[in-house]
Each structure stands twice: as structure tokens, then as C-alpha cells.
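Should a chain be cited, it is by its letter among A, B and C, assigned in written order, with residues numbered from 1 in that chain.
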Amino acid sequence: MPNDYLLTVISNIGMISLIALSAYLLLISGEISFGQQAYFGISAYAGAIATTLWGWPLWLALLFGSSLAALAAGFVGLLTLRISGLYFSIATLAFAEMVRLSLFKLTYQIEIDGELIGPNGAEGFGEIRWIFDNDVSVLEYTLLIYGILLLVLFFLVLIERSRLGMIFRMLGQDPLLTRVQGLNPVRYKVTAAILAGFIAGLGGTLYAHSFTYIEPQIFNMMLGVHALAYGLIGGLGTVLGPLIGVAIDIGFLESVRVIQGYRMVVFGGLVALMLIFMPRGIFDEKRVYWLKSIARRWFRA
Amino acid sequence: MLKVDNIVTRYGAIEALKGLNLEAREGQVTCLLGPNGAGKTTTLFTIAGILNSHSGSITLEKDNLTNLSAAGIVRKGVALVPENRLIFPQMSVEENLIAGAFARPRKDQPAINADLKGIYERFPQLKERSAQSGGTLSGGEQQMLAIGRALMARPKILMMDEPSLGLAPIIVEEIFGIISLLNKEGVSILLVEQNARMALKVAHRIYLLEGGKVTFNGNPQEMQQDEVIQRAYLGAGST
Amino acid sequence: MTDFLQNCIDGVMFGSGYALLALGFTLVFGVMKRLNLSFGPSIMLGAYAGTWVYLNFSQNALLIVLVTVITTVAVGIYVERLCFWAVRRDAAIASMVSSFAIWMQLEEVAMHLLPERTYPFPTFFTSTVIDIGPFFVRSEHISMFLLTLVLLALLHLFLFRTRPGLALRAVSDNPLASTYMGINSSNIFFLAFAVVSVLGGLAGFLILSADSQVTPFFGLWATFKGLIAMMLGGMGSLTGAILGGLLLGVVEANAFWYGGPLIRDISAYLLLFIMLIVRPGGLVGQRIVTQQQAAYERV
């Protein structure tokens, strides 16, 4: 019987990795979003409503929540097409804060077994019991999370190797040049936004069912800035970068006793120092290339 | 007066200046000519301290300018009129001129005020527009403003980067008129130009740059006698 | 109608505080083309220092203002060195993210320093209600409004009548050209941060003094109100900051009156979001700020 606390930490890393990957996808295509928490939150609420109030199976709720998040992300992506840089970052932040504040107003409750259940504004949304009702153990749920994470990673690796991934990186380095190459940045920017929204959404629904209780305050900008920082710490050269960032923060910083209570001091300082000395993270494009060439040499020998 | 000795300047791995020597003499107009990418602007930027040289030395009279900061070099008496004029578009003409004197110590204030008057006498158009913002001036007026602003630093040597660029021929004539007038009043000038014909009219000494090196130096007569150069830069026979 | 006008009066009074905060953002943005998201939290730390002196040592208003301002400046300089000076010159976005990360750091420091979260902030304004015809205004709001005007006048004098002020505007107007003038832009950045922190410290003092309390949320509040007000007006514009502050104040006052606190907060973000989409340059800024500008900067 594995330690439940450890499993919770591990599954937490998995779910937060999804939102970190969503911020990463936008980062490599050159946009800094402060607002991925919005899509995480939208999907958390939508997915939890689907299973708890409507009795849908989890896989359908996952699809539903994530699609809704992708839809919202696509909508914001279309609206923010004309702006980039700081303007884009602040616009995404404004949108995310609107979503969070609106959740305070969201009350939708149904009586189930003599109890009112459903999101209730600032009171939050408890009793998301799908895991218990279906006798899913913590271990099984963790495996599910990692299964989905692996699928997403696989998908992202495919994208990175494809024409689309190259265009994303081109956009990230020089939008003007991309246009000169005859590519329409509009299409790719919206595509990136939708994909990122969907990935954040997967994390959101999983999160709601893992913790069984959600409230608007969870989806504040702290979550957003963390999601962003993970990619910047871990590195923008590989899809594993954000995961390394999450592991450093949740796996390491949270478990070290000495810095209990000073986690943000350490984390904030770490991000600031990283941006000075390694602006594209530990595993940036250069180091990834270097590691790959070493691996290739080893393989041959 | 200004002596550049065996300067090497690099952009990363690329050597833009490969051991460049030149000397600008007091009271003369020294002109750097050469094709795009020859290193003319790089030379000016290296002298001005915006770029750092990898080796070699730059001296102005007795001062060693090598590896001083850009601000320090302005204080030593080198002023630059940058390419494309580069004025402060949102600030008024007068503020632009005052900004030119920033490198001078505060106790110079009476002299600065006198110089401002002097600039207005030299360029009456600027006086008329002293309260207007710099961005509203025409191209020629902006060039005058940029020259006036550089003069406000009371430089020992004035460096000008392609003052004729993007200006109508008649305005170019005017600007070169100003250059030779300034020179007659005793201002030493280091001029970078693509317009070889105009440059020949005002220059005392010409340096030809190619690939980061000086390939010719001499006075305009000598240059006009050299047939190869004649053909390459002045387009002999044609026009 | 009377309600609406009354709301507008209240909005202008509050808005003057927003305008002061927005000026802090706009000055830094104007000079450095960067956003300092840690502006609010540094003011909050300053206010905490002020309140600490008030609770433990002295009730002298001047001393408390001084401590508030000095602490804000000290934190401001820490942020400038770490997030702006040390970060590569062309990496505006990195600076913004870095200042965001430092925000989190400052907030936690504040929570450790004063763990009870809410603290009284000394009030030096007498509070009475003044009637003007059918409308009324609170006296502390009038004092705040008037002091804001005085600060604005001082700032204007500094920027337009002094040599450092001119240098600051020169860097803001054309950073490259200002290096040819022998202006050391690194010093000017430092100066901008110092001026902005003084302004922020004073603004924080005025606002909190009218509120008579300080909480850890003040950092977030100040950053957002200042940021929204600046972006509404137009990044980097002084007039824009003032107009944006007043607009935000008026919109919020009305939204609060007709919809309550939650609607007030949502309305502020909604206003910002719409402005960014429709006219990213803000009220007084350029209409188009992205593609053309990017292309222009290449030339």
C-alpha cells in the first residue's frame, strides 16, 4: 500500500503539469499568458457539474470541460489577435480575473439525496464524489492522471516535430518574419490558444475530481503565474521543461522543511534569478541540443 | 587631433573593423567613404563608445578614449550626429537643443545659454519653431536640429553619419553648405558619406573603407587622379 | 440622475488616487518600455513599515510619511536592480514576469512581518460630510483630491522644469539618441524608479490614510488599479494616466452603486479587456500599437 500523501503530491504534480504545459505551448509560440488559470477553472467547474449534477461518466465530463475551456480560449484568442507582448499578457490576466470573479456569482444547485449540491458562489462547490461513487482508489486516479499527461506529452512531441510546431516556434521568435514567409499568423495564434486552453482544461476537470472541492479563489493569478514560471524554470527547449519546473516547485520546495512558510520568497527569487542567468530556463534549446548530441554519441558507441 | 590606431571591432564572431587606422586633423573635414557594410558607421560607433573595440586605441588630443563609456566620450568632446537624424520627437526643439548640452557641467549654464542663442542665430528656422515638438519638423529641419544639438555639447570634433541620407537634393546642398560653413568657423568634422560627389566638395582628406580596412587615403585631388577609385566612386564617364 | 452625478463626483475623488498610482506605472513604462508589476506590493511594504512605526513608536504624521516613502523607495530599488537592471536590455517581457515573481515574494514577506493581516493605518484627515447643493462629498476625499493635485503639479515641475526631468523625458522619447547626448540611461532608470517610488509611497499614504487601514491585499489592489488606469489612458502618457484614473474611478463608482462590490471589480477588468481589444493604445495613445510599430522599429 503506497503512502497516500506521497500519491497526492505525485498526482498534484501531474495535474499542475497540464496547466504548465498549456502556458508552455503559448510561451514557445511567443505569447506570455497570465490567464491560463481561467481555462483550468472553467473546465474544473464544467467537468464537476457534468459528473456530479448530470451524472455523466468522467471521460465525457473531461471532454466536455476541456472543450468548453478550448472554446473560451479560442474566443479570447480571436479577440486578442491584434495585440501581443505586454498588451496580450495583461488582456489575458484581465479575462482570467473576470472569470474568477464571475465564479463568485455562479450558483447552480440541484437537490440530490436530500442535499443541495452544486456550485454556490463564494461558498464553493463541494461533494464532487465521482471518485468515491465509482470506487476509484487514489492510486488508480493517479495512474489515470499520468495516462492523460503522457497522451498530452506524446501529442505535444508530435506537434513539435511537425510543420505546425515549427511555425509556432517561428511565431515565437519573429512574428514579422513569419508573415514575410507568407504564413498567416492569425490562424496559428488561434490554434495555439485553443490547444493550450484544451490542455489546461484537462488539468482542471482532473483537479476538481481529485480534490472533490473547488472554489473561485483557487483559480487566481497565483496559479497562473506558477503555470508560467514552471516553463521558464524548467526550460523552453523541450516539453519536459515545464514538468521539471513543477517537480522542482511541488516536489522539492514544498517538501523541504527549512523553507516552509517562505516558499514564495524562495520561488519568486528563483524565478527572478533564472530570468537573469537562464532566460529560457534550465533546459533551453541549446542545452537540449547539446544533450541530444551527447546521447547520440553514446548510442553509437 | 583624433587618432584611431589599429582598431578591431567585432560583432560576435564577425570582424567588422580589421585593424583600422585614421586621423582627423584639427580644423579639417575628414571624410569616410565606402560601400554599405564597409564599416563606416561601425567606426563612428566605436569612436563614440557605443561599440567597444577589441584591440587598438583611440586618442583625442592627449585623452585616451579607448574603452571609455559613451557618456564619458561625449564629455571629452566628441559629438555624434547620428544617421537618420534621431531627434527626440515628443520634446520641443528647444528641449532637444538643451539635451545636447547634458554632458557639460552645470556651472557652464551661462555659456550654454549663450550657445543656445548662437544656434538660433545660425539656424533661424529653429528659433521660429523653438516651442514646436521635434517630430513636426521637416527632414531638413530635423537634420539642422540634430547638428545644432550636437554643437550644444561644444565638441572638439563633430562626427556626422550620412547627413544627406533621405533628404531632397536641394536640402542636401543646404546641409553641406552648413557643414563647410561650420568648418570655416573652425569646427573639426569627421564625416561619413555615401554621396561621394558632395563629400569631395567639402573634404580636406578622404579615407576609403572596404571590408573594415582603409584602402585609400589622401586629399580629394589625389583621389580624383586615381582612375580605379574614380570609376568606382564617382562613376566617371557616366552621368 | 442625481445618483449618477453623485457617483461621478465620488468617482473623480477615488479616481485621483488611481491616477497617482497610474502615474507611477506610466513613468516607468515611458522611460523603460517595461511594466513593473511589483509596484503595488512595494507600496504595501512601505505602508506596513509606516504602520509599524505608528503602532510601536510615534504618531507623528511626518515621520510616518517619511518611513512609508523611504521603505517604498528601498523596495522599489531592490525590484529595479533585480528585475530590470540585471535582466537583458531587450527583454521587456522577462522583466515583467520577473517583477510578477518578485510580487509573490514581497507579499509573503509582508505576511511574515505583520501576521495579523489587517492593521490600522493612521488617519490625519478629519472626516465630515460637506454638502454642495444636492450632492455631498466627504472631507477626507477632498483633502486627498487636493493633495493629489499638488503632487501632480510637483511632478509636472520636476519633469518639465528641471534638468534630470528633461533627461528622463529624453530617454523616454528616444533612448538611442539620448546616449549620444552623454546621458547614462542606467542612471536614468534608477532615477525613474526612485521618483516613482516616492510618488507611490505618497499615494499609498494618502489612500490608506483615507481608508484608515492596511491589508495584504493592498499590493494587489494598487497594482491592478494603477495598471488598469494607465492602460485605459494609454501606456507611457502622463495625461493618459490621469484621464484613465478618473475614468476608472467614475465607472467603478457607478458600477458599485448599481451592482455592488463584485460588479464593481468585474467592471474594471471588463473595461480594461475591451479597451485592450478595441484600442490597445488607450484613450490618448496611438491607435495601433503592434504590427506597424514592430515593423517601424526594424527600420
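Methods note: a contact is a pair of C-beta atoms (placed from the backbone, for glycine too) under 8 Å apart; a residue touches a chain by one contact, two chains touch by 3 or more.
Treat the numbers as computed from the prediction; the structure is a model and nothing was measured.
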Task = Identify the chain pair joined by the greatest number of C-beta pairs in contact.
result = A-C
Nearest-to-centre chain - CA centroid comparison = C
Request  = List the centre-to-centre spacing of chain B and chain C in whole Å, with centres computed as mean CA coordinates.
outcome  = 42
Remark   = Between the Cα centroids of chain A and chain B the separation in whole angstrom comes to 54
Ask   = How big is the gap, in whole Å, between where the Cα atoms of chain A centre and where those of chain C centre?
value = 31
Inquiry  = Which residues of chain C touch chain A once you look at their complex with the stated criterion?
reply    = 35, 82-83, 86-88, 91-98, 100-109, 112, 224, 227-228, 231, 235, 262, 265-266, 269-270, 272-273, 276-277, 280, 288-291, 294-295, 298
Message = Can you tell me which positions in chain C touch chain B when the two form their complex?
response = 163, 166-167, 169-170, 172-174, 176-184
Request  = Using the touch definition up top, name the residues of chain A that touch chain C in the complex.
outcome  = 32, 34, 79-80, 82-87, 89-91, 94-95, 97-98, 101-102, 104-105, 175-176, 222, 225, 228-229, 232, 261-265, 267-269, 271-272, 275-276, 279
Message = Show me the residue ranges of chain B that touch chain C in the complex, using the header's touch definition.
response = 48, 50, 69-75, 79-80, 82, 86-91, 95, 98-100, 102-103, 106, 149-150, 153
